[in-house]
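Before we start, here is the structure in question, set down as structure tokens.
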Amino acid sequence: MSRYDEFQRFREDLNEKILAKGTTHTKRFFTLDTKVYEGDTALPAKTKELLGLAASMVLRCDDCIAYHVDKAVQSGASDEELFETFDIALLVGGSIVIPHLRRAVEFLEECRG
Amino acid sequence: MSRYDEFQRFREDLNEKILAKGTTHTKRFFTLDTKVYEGDTALPAKTKELLGLAASMVLRCDDCIAYHVDKAVQSGASDEELFETFDIALLVGGSIVIPHLRRAVEFLEECRG
Amino acid sequence: MSRYDEFQRFREDLNEKILAKGTTHTKRFFTLDTKVYEGDTALPAKTKELLGLAASMVLRCDDCIAYHVDKAVQSGASDEELFETFDIALLVGGSIVIPHLRRAVEFLEECRG
Amino acid sequence: MSRYDEFQRFREDLNEKILAKGTTHTKRFFTLDTKVYEGDTALPAKTKELLGLAASMVLRCDDCIAYHVDKAVQSGASDEELFETFDIALLVGGSIVIPHLRRAVEFLEECRG
Amino acid sequence: MSRYDEFQRFREDLNEKILAKGTTHTKRFFTLDTKVYEGDTALPAKTKELLGLAASMVLRCDDCIAYHVDKAVQSGASDEELFETFDIALLVGGSIVIPHLRRAVEFLEECRG
Amino acid sequence: MSRYDEFQRFREDLNEKILAKGTTHTKRFFTLDTKVYEGDTALPAKTKELLGLAASMVLRCDDCIAYHVDKAVQSGASDEELFETFDIALLVGGSIVIPHLRRAVEFLEECRG
């Protein structure tokens, strides 16, 4: 199982457990967190994924970065668009973002591959 | 002098002092930080400002938020696009972002006004 | 108008503007953010406010700290309980929390006064 | 050796090395960090562990989260109390907390198991 | 009263209140936080202040930055040494550090003046 | 291959990929991030590495910490100097830094070994 598949599997398994045991508030938060990126609204879905990606990069969460790289690719983002998003995250967030950028680029290759 | 003008004045005065006393590295960082948002490239300038805005909101820097709200407005972002960007920052960054959202919305009114 | 009243006024004014212009997602987030602290559930309301306070202190958001100090006081938290919460935030978050602790203690005096 | 045992082993081994080589300040910090959670004081030990847990979740430190989940369970926290603590961390800290919540829930199962 | 004096006054007043009402743990933390920078040890006092400054800049705490700029100046740090410290904070922490750098440079002028 | 070698290998491989696909801005950021630590300037190279280390510890990035521990050791930092740097990071950043301190100390042993 690739890193990508493993990540998806763990994500799904645990989300299921969280939603089974969590409160109504937990469930509502998870629903809201999905809906906020859905569809082309004032902003295209692709742009919303890139916004989620930039936010995840400066907050330095590898799983969140992987998730939004995957979704951005699925919504049609090109490598050029992704690398310009990476640049903004790098400038805003500083060199501390670099290790996460490395893993983002490695994960992007898996998504494309 | 409005909060907006005061902010611009302080920003310019101090940037001048920093660039006068700073090293070559300081200057290069400042140049890079301007260039990364410039023009329509793979991503439109407006999208790049929204990315800078989302990153600034989750990192909770009021001056950075004000700066990117201003630039996003100048590059043609609508209120709908700005509020969708706010939503993503709010979901990713949590309720801790709310006080900054309040000041962002207040600043947006000044920019529009 | 005291710092406390000013803070409440600004908070209410801007929340109104945000809810007027925000999307359904914004509104839902705000509702959820209120409901999660409401009432005595598995945890007493007071404990939930102290949890919100500790989280706000280590994330270093003065408005959020003031809000939860106020709510904790209203739900019956004693100074001893508040200072023990401050201690945990201080130990977990480090000396970077101290300036926020100063403002928290100043605000607590206003709440009690 | 389970993830839980491995975590405990590494934690103990390295703490020993740190205390052997560290300065008086290092030792005092470690002592203080233990004492601040000890016993039922103005706040019950269980509440103090939940405060440490909420703070660790919004700061997104998996080891700290695991440590406080373990201690909270030992001090008698129920799943309901833990999930309400998770909710507050989720609301305050945002969706960036979710990957840590997944690992917290996985670790909680190991602690209960 | 200058910003510098106002800052010192508030700092002292509130520290006094915190130490009066705080627990033994609060007091010990405050003592430790002073002692860790004291004197020329393996590292000279000046270097320790610059370390505290760099840490405060990337964590973006204006009061902590002002405190360590003041202490670094008192321990003999030159402008060149301070600006090189600023550069490292800027590179590690990114453009989000810039607003704090502006206030650091303004405060440094007050300290020198 | 030791953890140390593995880390170096991954770092070099991915940097190569990033620089191959990245924009001019990416490349300039990477260059700047190297140059800012180079040589004895107003501050000795060793001090600059310790500043990068303290900044990386409070921002809690294991790869960045490992990188600066390695560079600090290469530039002649003693264990005493490193542990005093650790102390400042611990006090400024709080107990949330401890898990990273453990891995820093483990990595330091590998560097010395």
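The first chain written gets the first letter, and so on, giving A, B, C, D, E and F; residue counts start at 1 in each chain.
Operating definition for what follows: contacts are C-beta pairs under 8 Å (C-beta built on N, C-alpha and C of every residue); 3 or more make two chains touch, one makes a residue touch a chain.
Note that the coordinates shown come from a computational prediction; the quantities given were computed from them, not determined experimentally.
Engineer: Enumerate, in label order, the chains that touch chain A and chain F alike.
Structural biologist: B, C, D, E
Engineer: Any idea if chain A and chain D meet via the same residues, over half in common, or different ones?
Structural biologist: Counting which numbers both chains contribute, under half are shared, so the two copies meet through different residues.
Engineer: Calculate how many whole Å lie between the centre of chain A and the centre of chain C, each centre taken as the average of the chain's C-alpha atoms.
Structural biologist: Here chain A and chain C have centroids separated by 30 Å.
Engineer: Considering chain E alone, which of its residues make contact with at least two other chains?
Structural biologist: Residue numbers touching two or more other chains: 25, 29, 32-33, 36, 55-56, 58-59, 64, 83-84, 87, 90-93, 95-96.
Engineer: What residues of chain F sit close enough to touch chain E in their complex?
Structural biologist: Touching chain E: residues 32-33, 36-37, 41-43, 47-48, 50-52, 54-59, 64, 78, 80-81, 83-85, 87-89, 91-93 of chain F.
Engineer: Okay, in this complex, where on chain D does chain B touch?
Structural biologist: 58, 90-97
Engineer: Contact residues on chain C for chain A in the complex?
Structural biologist: Touching chain A: residues 25, 28-29, 32, 35-36 of chain C.
Engineer: Mind listing the chain E positions that touch chain C in their complex?
Structural biologist: 10-11, 14-15, 17-18, 21-23, 25-26, 29-30, 33, 55-56, 59, 61-64
Engineer: Show which residues of chain A lie in contact with chain F when the two form their complex.
Structural biologist: Chain A reaches chain F through residues 60, 79, 83-84, 86-87, 90-91, 95-96, 98-99, 101-103, 105-106, 109.
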